[in-house]
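Presented sequentially are two complexes of chain A, the first with chain B as partner and the second with chain C.
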Partner chain A sequence: METSIFDIFLLEAVLNGLLLGGLLALLALGLNLIFGVIDVVWICYAELVMIGMYAIWWLHVQQGLPLAMGFGFGIVVVAVLGAVMHQFIIRPVLGAEPINQLLVTGGVLFFLQAAATVVFGVEFRNLGVRMPSVVIGELSLSSARMVAFVVAIAAIGGTWLFLSRTYLGTAIRAISQDRGIMPLMGVNPGRIYLLTSALGGGLAGLAACLLVLQYDIHPAIGLSLGPITFLICVLGGLGNLIGGFLAAFVFAQFISVGGFFFQLEWGYVIAFVFFIAMMFWKPEGLFAKRR
Partner chain B sequence: MLEVSGLSAGYGSFQALFGVSLKVEAGEAVAVIGPNGAGKSTLLRAISRLLEPTAGTLTMQGRDYTRLPAHEVIGLGIAQVPEGRRLFPRLSVEDNLKIGAYTPSARARHAERLEFVYSLFPKMLQRRLQDAGTLSGGEQQMCAIGRALMCGPRLLLLDEPSAGLAPLIVQSIFGLMRTLRAQGYTVLIVEQNIQQVLKVVDRAYLLETGRIRRSGPAAELLASQDIRRAYLGV
Partner chain C sequence: MAAAKIVGWLLLALLAAAPWLGLGAYPMHLAIMALLWGYIYTSWSIMGRLGMVSFGHGAFLGIGAYGAVLMWNSAGVSPWIGGAMAVVVTVALAVLIGWPCFRFKIVGHYFALVTLALSEVVRLLIVALRDHTGGSLGITPKPALVGDATGSLAALQFSNKLLWFYAVLVCWLIALWIWRSVDRSMSRLALEAISEEEDASASIGIDVSRTKLQVTMLSAAMTCVGGVLYAQYQLYVNPETVSGIGISLQMVFGSIAGGMYVMLGPTVGAVFLLALSETLRILVGNQFHGLDLLIYGALLILFIIYLPKGILGTVLERLGRK
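Right after this comes the complex of A and B.
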């Protein structure tokens, strides 16, 4: 009898890992997309998510807007923030050394964190929405996580369709392969950069909607999301969208199942040890981009 | 159709072009020939505004476009097949052609032009779902030319289309010049393969160390003693 309970908990951990994987894949997609096109890693990407979570909380709890509108505006706010980030922070340093570009986005990370602390304080905030658990036999799964998974996968699928079917999406895929000749095709690279930044921001805003249903908001929440997102992208091969997608699920399983066998914190430790080991074995990423 | 006058350009402190002037009339095929490093590619890059000239003017069908942003040049009806083909290696042939039809006016006629490109290059239809990076050199050149045709240009700029290709493929690429002319395209081609290119163009300019040294009908240049001695080794 004891083994069967154990099995159910293990299955639950695997399923939770799968659900977490979808959310992490969404975060990785946004970061990867921006890196693939503009060649700059937004270290502050998770802080955009944090701002989005606060925006939704402020609109819904403080201003009394319906939650759906809060979500909609939240996505728009972060998309605009992404465009602003590109226009005023990244564009001036496009020709600079990569380390300087990285430092600039690092500066934005601390700025956003500090700004959120000043404006919203250090208290934990939440929407006060409690979503029920879904019980299937002896399994119990959070419905917020299930919704997050479905929406994240749908958004990833939608982004994929956008990239593969539309002219703009095709240009986004092309520009990472040869930026120099894009003007010959009538493509204005600056415009593609701006739109990609807004799209990456929009995806961060959507992630904020999904996260705010599961977690409390505080100014440092980006620090628990950012490093994981970045490591997933590196693991999948920076800029490789499919690699990032797969790596998110691998990483989520390490966190979830690792946390099941030991403790939750240990799940992260195991995942990071796995990451470091992989960096020795395959430094170009688990699913290296074909060159 | 195209008029370049007094064009000077370079990279940093290095000047590659010194007051180059040339003209291409509608329906003509014109070549710019010359040795390696003469500034031929620089000239094409300046004409398509990828490179900012330091002096001179560019005019297309009577319109001065010397200050136009590079991505708007295609709107004048000028398309360039860049040196080294520069396909997007991890995009399929069809997606490469799709990028060629990126401008709003080209999108409207995407299907029709795709059909035209496939009729011109049946090989591209066979390979349409293959990554462009996996094509042979000659096929890549076809794809690159096809991509430039997707915007429905009036003037086609070709930068060393024969470079790095096997002799037999070079023949077919130059044969293609005739086809394009028959289709009504005006062509400005930059080539090192002087003997071959002079057989398919009407006129040519000889560019040496950034200056136009000679110009005239292709047959005249082909027969000229100094060109034969200096470039054709006869």
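Right after this comes the complex of A and C.
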């Protein structure tokens, strides 16, 4: 009897890992898209998500806007933030050494975290929306997580359609494969960069909508989300959208199942150690094609 | 050149005499912190300026700080021995990470992110082992000073700031000497060739991975010692201040803000960051929580955009041009 309950909990951990995987895949997609096109890793990507979460909380709880409108404005706010970030911070360092580009986004990380602390304080905030659990037999799953999973997957699908079916999307994909092609296609690189940054920001804003339903908001929440997100991107091969998608699910399983057997921190430790080991086995990314 | 040398020695003499000029306890504390961080940033820049930009030195700092304190608290082992053991562990870890990285030519973004993962692993391990480490709340070394005692050499605890000042001054000078030795050695030329053109250097008979690994081991060991000193001086550490993404980024920022391609650059960066955070703390006070960090972050962004060579690097370049 004991083993069967154990198995149920294990299954629950695996399913929760799957649901978490969808969310992480959404985060990884935005970051990967930006890296693939602009060749800069936004260390502060998760801080954009954090700002989005605060924006939704402020609009819904403080200003009394309906939640749906809060979500909509939240996405727009972060998309604009992404464009501003590119225009005023990334553009001046596009020609600089890669490490300076990485560091300047690290500066934005401190800045946004501090800005959130100044404006909203260090108290934990939440929407006060409690979504019920879905019980199937002995299984119990959070409906907020299930919604997040479905929306994240739909958004990833939508982004994929945009990239493969539209002219702008095709231009973006072309650039991420071969930077030299841009002038040949007659596209203005500055516009594509700006558009990609706004799109990446919008995806971060959407992730904020989904995360705010599950987690409390805190200025430091980006510090726990950020490292996972870019490790997933590296694991899948920086700029490789499909690789990042798959790696998100692998990573989520390590966190969820590892956390089930030990403690939550151990889940992360195991995932990180797995990441380091993988880097040595397949440094070009877990799902890269063999050259 | 001779004049510059004389000025340098005079400044050093002035620095060594500084504690006798009637400094209060607070300026002494700032001087010690500036030298200690100057030492740590210099240790980082030994590998950073050769193209190996590590975002993982928080791992080495954390192992040093926690290694010494944990051995002392749980087994009564002197921090001298505990610290030495931490250095051994750190060097082993540096090899474990460095060797495959250099072997498989993991460079640039990838190297930065792999090392960042390493420092997060150490931070999370410290938090996860909360039964021994106190978790996020941090840990204090068991006090060894009883009665009127002002210092215990075995426990590496001194209440006398003068002693700490000279201890970190000596460490800082040693770090500068090592920086200079690496700079003048054959391996520096080899490494500069490596950071420019890795395959070409391999083809003229430079053992790229080996040279990189030696510099990494040196830098990691020195950073680890910095962690031991930090913990023993402050007599308190927590996971965020000695490991993880925050402190690792700060080390990189400090070195680059000062100028990582000149010997005193990282030290200038340490003084600058310390002066900045103290000034903001005093001006802004505690009424606006986070405002000092906000200005700090904004200044860092401006620095990277407008002064990519760092303060000292830019100043020296201007002087050289005249």
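What to note about this one:
Here is the rule we go by: the second predicted complex is superposed on the first by the 287 of 291 C-alpha atoms of A that agree within 3 Å, B and C clash if a C-alpha of one lies under 4 Å from a C-alpha of the other, contacts with A are read in each partner's own complex, and residues count from 1 in each chain.
Quick note on the criterion: a contact is a pair of C-beta atoms (placed from the backbone, for glycine too) under 8 Å apart; a residue touches a chain by one contact, two chains touch by 3 or more.
For clarity, every value in this text was computed on a predicted model and none was experimentally measured.
By the touch criterion defined above, A:219 lies against chain C but remains apart from chain B after alignment on the C-alpha atoms of chain A. Of the two partner chains placed by superposition, only chain C is touched by A:230; chain B is not. Residue contacts after overlaying the shared chain place A:177 against chain B, while chain C stays out of touching range.
Contact with chain B, but none with chain C, is seen for A:167 once the two complexes are overlaid on the shared chain.
Touch counts on chain A: comparing chain C and chain B, the chain ahead is C. Residue overlap on chain A between the chain B contacts of one complex and the chain C contacts of the other is empty. Across the complex, chain B meets chain A through its residues 48-50, 69-75, 79-80, 82, 86, 88-91, 95-96, 98-103, 106-107, 147-148, 151. Per the touch definition, chain A reaches chain C in the complex via residues 41, 43, 89, 92-93, 96-100, 102-104, 106-118, 121-122, 219, 223, 226-227, 230-231, 234, 238, 263, 265-266, 268-269, 272-273, 275-276, 279-280, 283. Across the complex, chain B is touched by residues 167, 170-171, 173-174, 177-178, 180-189, 290 of chain A. Listing the residues of chain C that touch chain A in their complex gives 53, 97, 100-101, 104-106, 108-110, 112-114, 116-118, 120-121, 124-125, 127-128, 244-246, 249, 252-253, 256, 288-294, 296-298, 300-301, 303-305, 308.
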